[in-house]
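Pasting the structures in now, so scroll down.
In what comes next, subunit A is part of two complexes: it sits with subunit B in the first one and with subunit C in the second one.
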Partner chain A sequence: MVYALLQRLGQMLFVMFGISVLVFLIFFATPGADPAARIAGRNASPEVLEAVRKSFGFDQPFYVQYLTMMKKIFITGDLTSFVNRGWKVVPAVLDTVPVTLSLVIGAAVLWVVFALIIGIVAAATRGSWIDKTLMVLGLIGISMPVYWLGEMLNLITQSRYHDTWMFSWVPPLGYKNFSDDPKGWFLTLVIPWITLSILYIGLYGRVLRAAIVESLQEDYIRTARAKGLSETRILLRHALRTSLVAFVTLFGLDFGALVGGSALLTEVVFGLQGVGKLTYDALLNLDLPIIMTTVLYASFFVVMANAVVDVLYMLIDPRVRTA
Partner chain B sequence: MLKVRDLTVSFRTEQGIVRAVDGVSFDVGEGELLGVVGESGSGKTVSLLAVMGLITDPNAIIAGSIQYRGRELVGLKSRAMRELRGKEIAMIFQDPMTALTPVYTIGWQIAEQVLAHNNVSKSAAWQRAIDLLAEVNIPKPEETAHRYPHQLSGGMRQRVVIAMALSCNPALLVADEPTTALDVTVQAQILDLLHKLRRNHGSAIVFITHDMGVMAEIADRMLVMYAGRVVERGTKQELFSSPMHPYTRALLDSIPPLTGERPRRLRAIPGTPPNLLNRPPGCAFAPRCTLRFDKCDTEPALGSGQRAAACFRVPA
Partner chain C sequence: MSVISDTLDVTPKSRGPWATALRRLLRDQAAVAALVVFIVIVVFCLLAPAYAYWAGTDPFKSTLDAVIKLNGQDVPVMEQSTEGLGLGYTPIGPTWQLGNYFLGADNQGRDVMARLLYGGLNSLFIAGMATVVTLFFATLIGLAAGFFGGIIDTLLSRFLDILWAFPVYLLAISLSIVLIAQGLNLGIITIESGSLWLPIFIIGVVYVPYVARPVRGQVLALRESEFVLAAIGLGVPSHRILLRDILPNVSTTLIVFVPIMMALNMITESALSFLSIGVQPPDASWGTIIQDGQTLLYTRPMVALAPGIAIVITVLALNVLGDGLRDALDPRSKIRIGRS
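So, the complex of A and B:
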């Protein structure tokens, strides 16, 4: 078990190194493009171009350039954006991380809890009208685009019905730091959490129901019935437990991607300065250092989330532990 | 103790109603071992699943009567059935590889059943699980109890399933081809084990198999099923020494003799069992029977005695 964990950790570091090299090569070694010109931004003066060349070591071999870049991002943290005139990139990215984490973790809690409830209830009542209703609701949740849903909720809670008793508690758009104002943090995030989680509640609820219904066909469920266990116990202890693998796999992938910037649409709709929003703005300005840093950050997060999922697998499924 | 009368299990399908079990009757006495033989699809498993109340298909229709110690099981409330199941009537399944939940230790799974039916502490249930593992000859039971199903061989897993079935000292044990999925050497060990347990616990056993060799070893009385019906019944000695139904005879011809000259090829039964969806009139075995004559176009009845066969060639 410990060995498997260490091995997984080693693999994770190796993959991260590989990603950093790949990202570096894409941005700095693409033939026919001058990285200095791109980092310096549009209409840069020759002096600025020269400064960029020196600062990133473009007159030196690739491996030196790679090491310089990694040093700037991970060790000294003094990577600067030339498009945004001397803006320090690393602190800018780090500032956005808590916003995105707050948004995604909160939404993840919501979607895991509700998806579990929906999946279990639908599987327990499979074939009945309750099951059918839940599955249709899930499908509706999956089909609603997040930007549309977000704008609709904004319309309702921020303007139309803001002054009624129902939504007067909703604060204006924006993010409040948890450390400054925990209550404000919570209230500003409630609507974004709901918006972001609805798609996943529908998706995960349906996936879980399908997995449970499939497990219920297995031989060991018949054994459990032959043991004289109650249907509830069979459902929760035997069928659900063995169905969690699919659920956890999906969760790791989606969570990693969302923290890595896929929550962009939700962030834009609710005016949250998260990683997705930062990347989006950098893309509009062609701000190469920021793009590179956020791409690295995002891929690292996906890799880490996957490593966490693998550890969870070991906890859920004893067969993985010995493999 | 178990009295099954005119048990019929049919399944509604898109093509029509399939009668998997058709008017089956049999008795099992206290401590007796009843062997049920028949090829795949003969209805032997389905009829015993009906006894266990384990037919969960919403398209199944169960008719007839199953009496366990005077209690009617057909139509019994699921709660009452659940209390009986696992405690008084237990079951051993065909494939030990898939019969255990993969994510729990075997000790946990045995203790779970003990806890479900007895008012004991968790540690007492665990101790009972270890004792049971020892009883079914699993080496180092304390350690093995902490293992997961995938860490054990097929024979070991079948022992675990048997230990689980025995955990509440059931009066009736239903074993559905418990040796079919195992190696021949392991089969012999499992059969020995069942023998021993039967002596120690005094449970009655209904043993399903399609292996006449296994039957010869363990059964007291036998039931031969074909196409959802009982075609012959009697004691083991009667069936083996003087089979009455041509199907039983054909089954016996398909095992190699232990003594005397071996035939160059074993005799196989030509043809396949009838489609239960469109059951032709008359004897179901007639199309494959070498002894058929014009009377076989009508359905032969099974006599009511302890020794009976459903065939017109047999003097009633």
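So, the complex of A and C:
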């Protein structure tokens, strides 16, 4: 057990190192152009270019450049943007984290609740029209581009039906701090939460249904039936429980990925100033230091989230521990 | 004598595994319907140049001062805005007359219907080619890692781990921002900036681990199977074993992945184009048209609505087809649709 934990930890550190090298290579060593010109942004003056060269040590060997970059991002945190002169990048990124967390946590609550309901109802009524309808709806949810869905919901709630009783409560796009205005925070996030969760409701509902139907074939279910337990009890206490293992792992991975940047499209469509929106704005301004920072922080978060999920998995499921 | 030879001529009717799978697929009504829908969409998009020629419009040139005939009256494509100071122009809405701004115009006065067809062509091409790229590299890596094992497996698997942990959109953004301005020059391969091959390359690479990992797992199991061990014992060269014994056994998995990856690639391509790092103007894709429609969302929603519906129908068809193919070819596999 301890050996497995240490092994997983070592693997995590290795992947983090690999990602940082990959990011370094993408930004500093892609053949084709002067990296200083890329980092300085559009139409940079020769003085700025010179400053960039000096601050990143482009006249030095690659490994020194790599260490300089890592030091700037993780240790001293004094990486500055060259497009907005002097803007400290690391605090700017950390400032956006609460927005992304608000968006993802709320959506996660929605998708877990609705996916559980859909998965259980579909499995209980398997083969019937209810099951089929739910599965088709889930498939449609999976097949919709999330940013397009967001735009369509904006069209409905901000414009076409905004003046009717249904959507007059929807505030204009933007984000309100929870500490300043809890009600405003909640109301501005309702539509983004729905948008972000629909894909996952479809996905998790389908996965859960498949897992329950599969576990209903197991021997212990027959034993439970033989003991004379009710169908509801068998479904909820016996079949659902084992099916939740897959559900929990999947949840950890997706939650990590969303906080680490996959919520970007939703943030852009709803003008929520989170990590993803910051990255998108930096993309439009060709502000590379910001992108380097968000990419590294986000992927490190994803790697750590994956490691936590694996460790939890070892704790929940004894079969993994011995393997 | 003759009687005996007659009966010997009658070979017992047994179908190969492919024919069995095909029959199973054809019995699946949803999958067949999805296939038909997909083919119809492809054919419509292939007719894009013919439609533009017939409608007499150039979907890549802005035509701000064009005037069209509508029910016998002259109507300008860009109408003077009636809101605010009246300085802006609003493009014409859907006329619902084929060949005559059927879905209206975008903010450069271009026919949205013609752009939708051309855009679909690009979206389908990118999704398809990116699938080829992904499957090619994934098969190569999966075969090598699973078959040779040892240090090769360790190196390749760790590389896949790194790529896998990278959030897809962030990796794509990093690659795009570096490549979009200058293009890519890898010695033999040169991709110019603005080329469709850039998004194909980016999307194709980011999903390699998604396919390579299951392939590696299968090869690992096949490596220990009796027929492969027998071939190794007989001294058959590795490349021959890989091509003749192992590749045919992972081919069903690869085929199941084709529609699933295409669906995923369609969504990813449209998202990248929406973020303006996919298809570059004046070229169109369904994602770029949705982006064009963003500024017109409240006045002319059809510009963003139509390509979105096209994406949903296409991706839905591909997902249903993927489900059907999996059930027909590889029912026990754990391949799931729609991860991104």
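Please note the rule applied: the second predicted complex is superposed on the first by the 299 of 323 C-alpha atoms of A that agree within 3 Å, B and C clash if a C-alpha of one lies under 4 Å from a C-alpha of the other, contacts with A are read in each partner's own complex, and residues count from 1 in each chain.
Quick note on the criterion: a contact is a pair of C-beta atoms (placed from the backbone, for glycine too) under 8 Å apart; a residue touches a chain by one contact, two chains touch by 3 or more.
Note that this is a predicted model, so its numbers are computed, not measured.
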Superposed on subunit A, are subunit B and subunit C clashing or fitting side by side?
fit
Between subunit B and subunit C, whom does A:67 touch in the aligned arrangement: first, second, both, or neither?
neither
Report for A:312: first if it touches subunit B alone, second if subunit C alone, otherwise both or neither.
neither
For A:51, decide between first (touching subunit B), second (touching subunit C), both and neither.
neither
What is the value, to the nearest 10 degrees, of the angle subtended at the Cα centroid of subunit A by the Cα centroids of subunit B and subunit C?
80
Which partner does A:261 reach: the first (subunit B), the second (subunit C), both, or neither?
second
In the overlaid three-chain picture, which partner chain does A:219 touch, first (subunit B) or second (subunit C), both, or neither?
first
Please name the chain, subunit B or subunit C, that touches the greater number of residues in subunit A.
C
State whether A:228 touches subunit B only (first), subunit C only (second), both chains, or neither.
first
With the two structures placed on a shared chain A, what shortest C-alpha distance in Å links subunit B and subunit C?
13
Is there a shared patch on subunit A that both subunit B and subunit C touch, and which residues make it up?
none
For the complex, give me every residue of subunit A touching subunit B.
127, 218-220, 222-231, 233, 237-238, 241-242, 316-319, 322
In the complex, subunit C residues that touch subunit A:
158-159, 161-162, 165-171, 173-179, 181-186, 263, 267, 270-271, 274-277, 287, 290, 293-294, 297-298, 301, 304-305, 308, 311-312, 315-316, 319-320, 336-340
Interfacial residue positions of subunit B with respect to subunit A in the complex:
52, 54, 56, 58, 78, 82-87, 90-91, 93, 95, 98-104, 112-113, 116-117, 148, 150-151, 161, 164-165
Which part of subunit A faces subunit C closely enough to touch in the complex?
11, 14-15, 18-19, 22-23, 26-27, 30-33, 38, 139-140, 142-148, 151-152, 154-155, 158-160, 199, 202-203, 206-207, 257, 260-262, 264-265, 268, 276, 279-280, 283-284, 286, 288, 291, 294-295, 298-299, 302-303, 306
